[in-house]
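Heads up, the next two complexes both have subunit A, just with different partners, subunit B and then subunit C.
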Partner chain A sequence: MKTNAKKIIYRYSSLILLFLFILIASIFAENFFTARNLTNVVRQSCVLGLLTVGMSFVLICGHMDLSIGSIMTFTGLIAISFGTRMPAGAAIACALLAGILCGAVNGLIITLTHANSGESLMITFGTQLLFSAVSLLYTGGFSLSGSESDFYNALGTGSIGKWLPVPVLIYIIFAVLLWVLESKTSFGRQMHMIGFNPVCSHLSGVRTGLVKMVCYCISGFCAAAGAIILTSRTLGATPTAGVGYEMDAIVAAVLGGISLSGGLGSIAKAFVGVITLSVLSNAMNLFGFQSFDQSIVKGCVLIAAIAFDVWNRKQTV
Partner chain B sequence: MTKVKKIVTEQKTLVFLLLLVILMGIISPFFLTGDNIVNVLVQSSIYGIMACGMTFAIIGGDFDLSVGSTMALSGLVAILCEPYVGQVPAMLLALLTAAAVGLVNGFLVAKCRISSFIVTIGTSYIFKGIALKISNGDPIASSNPWFGRMGNDKILGIPYLVIIMVLLVLITHYVLTATRFGRNIYTIGGNMEVAHNSGIRTGFYKTSIFVLSAFTAGIAGILNASKLNTASAVQGDNAALSVITGVVIGGTSLIGGVGSIGKSMIGILIFSVITNALDLMGVFSYYQTGIRGLMLIVIIGMEAYARYRES
Partner chain C sequence: MSTDDYILKLDHIEKSFPGVKALKDITLHVKKGEVRGLVGENGAGKSTMMKVLTGIIPMDSGRITIDGQAVSITSPLHAQTLGLSIIFQEFNLVNSLSIAENIYVGRLPKKGMRGIQWKKVHEDAKALLNRVGLDVDPSARVGSLSVAGKQMVEIAKALSQNSKIIIMDEPSATLTDKELEHLFGIIDDLKKQGVTVIYISHRLDEIFRLCDSVTVIRDGEVIDTNPIESLTKELIISKMVGRNMDQEYPVRAGSSSDEVILEVRDLCRKGVFEHINFSLHKGERLGIAGLVGAGRTEIVRAIFGADKLTGGEILLHGKPVTIRSPKEAISHKIALVTEDRKTQGLVLESSISENTTLAALKKICRAGFVNRREENSVAAQYVETLKTKTPGTKALVLNLSGGNQQKVVLAKWLYTDAEVLILDEPTRGIDVGAKYEIYQLINQLADSGKAIIIISSEMPEVISMSDRLLVIHDGKCKGELTGDQKTGENIMKYAILEEDA
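For the complex of A and B:
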């Protein structure tokens, strides 16, 4: 019985953390548990959520993608600037394609050079510099003002009925589709295998290069989807819009319980991690914390969560 | 001929650096002047100093992503405490703060056994937050005229910054190659379990790796603040990845157990030489970012492929 309880705590530790935060926030901030605020929490988590879901694919393979922030910047600029010359739908398609292409560049380099986990970190840092240089050159360092298409602007700001924002709907649709891909298909299983043991999975006939490549493409695609929502919500694209998002996505994934060494994790966990981070920053805003203090609390929570996870694993195994 | 080939394959990065220097010497008449060489060395000194500590960390098989925050924090402490305690004690306090940061990192990695990547992302949030808090987000200028001279003055035409960097590199080289401490760090990076089973106190060494890394970041923070006569919480924002990039490009493997401070310095110098060369040629800074990215991809990609071919 006791070991059972322990197992449950271990299994659902990130969910427990989330509920703890919601509990604390609801007790101490009177306007936290209102429909309006909760919608806000979810709405704010969309962009980071899409990025984290994409990043999870790469993390599960045992790799890392530091370039998603600058892919997001680049594709946001594409979506906005193409939007002035063509219908919004076509501009969005171009931006998503650009995201996939950026991801394919990452995937191709990493597959061709047979880079290991650490090397993929450095290579995607290189592509981060590359993509952000391309973004800066593309606009000459200037920002672009938002789209004039109502359809485009509705993607980030609109809502269906009273309580279902469009970005949340998009996020949920993508998350569910990718969750199915990750947990219900043979592709997803191969991905986990590669993260667990790349040599073994190669020897047992998994086309490791192809799978990694697709994972990086998904990560780039999600970054582009995040960029469209972000540029639609903020009514403009800047060549530095995505700076720092890659670290936030890693933090969210880790909070949700995805292991950085690969093989362990799921899209559901990424989802929980993003909501946890979002609830945390919303609660701190309601408490009136300054951004300095928020940064300190975020660091402490991250370390405490991981320390607990490591301690927990030692207890159960 | 085979000897030449062997040297070229073993010292790829050194050969690359030399080729770069020769090429630039031909392209630009200003490149090989004394002033410009000193300039390159000054540009590489802050990251060079941090690379000393980072080399310990990476050889030991760990990352330290918090060096940027540590750097900003110690620069601020050195300037903010000066009116109360005087300049030298303020600098000592700054170094002590940096060492304390390292101790926190080391404790979390060695005792709680959390991956150093996550620990140092977490602590970099925390210490950047503290740096922003104590400075209220503003850049703070030093009121002591003596402080700014340290980062800008020269002795016999050589800036103090460069002298300090060279001294630290020599000390690091000595510690890594000629002491038991250094050898044990290689062992730990090579194989933690073997190191532990052969009686090396891994906890102590893991902790000291992070203390050393943070300590050199502290020195770099003070000198950077002194060079600019100003400290600000955002000064170290790109430092961690830039330093790691330099160290790794030099040929210190991220897996651990391999590398030397000489190699790390070659990596750091390659970056400074390229930045300097592109500046001399008048290349727009946006292109420079892109070229740095491309270079990183090519060098790391080549190394990854070479490792794959070997195995």
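For the complex of A and C:
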């Protein structure tokens, strides 16, 4: 009996945590549980959500992508600056393509060097510096003001009807498609198996390099999608817009129950993690926490979540 | 004979691991100043014995007496203070430190507040190096020495601790002939100085060159100890392998055909193996024997595309093919059951179903989507035919026993419809019942026309479960044995003896 209860707690730990945060926020922040605030939470979680969903692919196959924040900056600049010269749709396509290319650079280096999890962390740390330097060079350090296209601006700020913001719709479409890819296809299966045991997967004929490469491309693609929504919402692109997003994405993924050691995790979990972190951030805003205080809380939550994951895995193995 | 003549006495040592009795009633007495050879097959219990003797693992029962005093050894460091040193195949030296520092590591002489007495350290180290005949500056870094030089430093380290007994585990494995001669000279000197040496080796030539007496170990038991004069190489080999092979192995019904499926010509991987030639027939069980480290695993890994070849040709059904990756090998209908089941053969944290279909995922996919229902029914079929004991196909492989895990690995490769099945140590760490079932399965597969390669360190297994046998030694194919020639003696002859065999 006791072990069963334990198992249930492990299994639904991230949902329990989310519920707990909502409960605390509802009790202590009087304007948390209002329709307006909740829409806001969901609307603001879209950019982080896209990044986290992409990052999850890399995490599940046992790697790490620290470069998504700077990919987001870079592709945001491309979307905005190309938008002045071509139709919004074409600029968006260029930005998404640039995101995929950045991901491909990561994937290629990691595949060619046969990097392990820790090495991929450092490699993407390197490309993070690289992409943000390119962004700064590209703009000379200046910010670009927003797009003049109504279509482009609607992506971040528009609504369908009264209650469905466009960015939320985009996020949900992305999340569902990627959830199908992750949980239903042979590609998704191979990705999980590589995360658990890359050596066995390779010896069983899985093209581990190719799968990892695609995962990094998905991560880059999602970062670009996030960049488009962010630049649309904030009406401009700055060469530092994406700073810190990679860490938030990791925190969200871990809160959702995606293991940093690979294999375990799903897009559904990433989804839950994003909402959890958004609720937490929103609650802290309502409580009037300053940004430094928020970082302290986020840091502690991340460490606690990782400790729980490590401990949890030791129980099962 | 008075007890004082024996410097080291082991009496009735017993050691069990879960499921295995590693040492059974080991009794071994070694005289002062003697050079004792210790020989036995892979897994006979030599290294377990040495680990017990140096306190790395505790023994279950028995008594160890050093120099007339009963001792209970708790750690290698403790063993050293008792005058017992062991030099392992892998050296315990720090490459970035000097020779003198390595010899005295952890116990550099200090004098009050003035720190380490470096002068004394270097003088003493120099004297020790002279004693082992190594003419180098003791302040030189160990990393700059050759393998032989490092071995001398290990011996000097043992001497510095006033070791009365030095155990050498396969010291010759990495030495050239000239370095070996030098080592023999040192051992002769040690003997004159009254130091006792226990020399573990596979190489019988060295045993005959060095040892006063030889102890043979087999299956965790001391077979006997004899003075070297009364022994011959053949006699030692027969003592090493001589065990009865009765009902452990099922006899296959069919026989191999003449149709050649796989042929390899002149396969080379630089520095690992060279000039490997053999052919494999439909329905044949080809055994590959040899000592651990002889290059058996490396050869099949290269055929499977897991390692690169530097030369040679692989032919399937008479047509040359290039295999650059396991994926290509699988598409050529080759399967490899690796020797390390847990790290290379299985995804432990996954279910039986997911492991079963991993190497042939396409077969249960429609337009890239995994058909889970079909996957589970495939896995359930293999669970039934291979008699895998599990609560269900969704159980994690992690929770299965060794034998059942191996059945999942076999199911994975059978599902790829491979024609050539390479089995590297297919029954390692598996209980007797499951072993028999796996043997039966191997025979059924051969009878159904699969071509099978079996690598095994267990000699009775590789003899009984093969129709033809290759013996690999030092990366070269030393002999091919068929029918009545497949005996433990013949394998050992090829696997151990030098060129003169």
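Here is the rule we go by: the second predicted complex is superposed on the first by the 301 of 317 C-alpha atoms of A that agree within 3 Å, B and C clash if a C-alpha of one lies under 4 Å from a C-alpha of the other, contacts with A are read in each partner's own complex, and residues count from 1 in each chain.
Note that in this section a contact is a pair of C-beta atoms (placed from the backbone, for glycine too) under 8 Å apart; a residue touches a chain by one contact, two chains touch by 3 or more.
All values reported here derive from a predicted model rather than from experimental measurement.
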{"item": "Combined model on subunit A: subunit C and subunit B, fit or clash", "value": "fit"}
{"item": "Partner chain in contact with A:116 - subunit B first, subunit C second, else both or neither", "value": "first"}
{"item": "Touching partner for A:206 - first (subunit B), second (subunit C), both, neither", "value": "second"}
{"item": "First (subunit B), second (subunit C), both or neither touched by A:293", "value": "first"}
{"item": "Which superposed partner A:132 touches (first subunit B, second subunit C, both, neither)", "value": "first"}
{"item": "Which superposed partner A:282 touches (first subunit B, second subunit C, both, neither)", "value": "neither"}
{"item": "Touching partner for A:45 - first (subunit B), second (subunit C), both, neither", "value": "neither"}
{"item": "Residue contacts with subunit A in the superposition, subunit B compared against subunit C", "value": "B"}
{"item": "For subunit A as apex, the angle formed with subunit B and subunit C - C-alpha centres, to the nearest 10 degrees", "value": "60"}
{"item": "CA minimum distance (subunit B, subunit C), superposed complexes, angstrom", "value": "7"}
{"item": "Interface residues, subunit A side, partner subunit B - complex", "value": "66, 109, 112-116, 118-119, 121-123, 125-134, 136-137, 141, 247, 250-251, 254, 260-261, 290-300, 302-303, 306-307, 310-311"}
{"item": "Interfacial residue positions of subunit B with respect to subunit A in the complex", "value": "108, 112-115, 117-119, 121-130, 132-133, 137, 241, 244-245, 248, 253-255, 286-297, 300-305, 307-308"}
{"item": "Residues of subunit C touching subunit A in the complex", "value": "304, 306, 325-327, 329-331, 336, 338, 343-350, 354, 358-359, 361-362, 365, 368-370, 398, 412, 416"}
{"item": "Touching residues on subunit A, where the partner in the complex is subunit C", "value": "184-190, 192-193, 196-197, 199-207, 263-264, 316-317"}
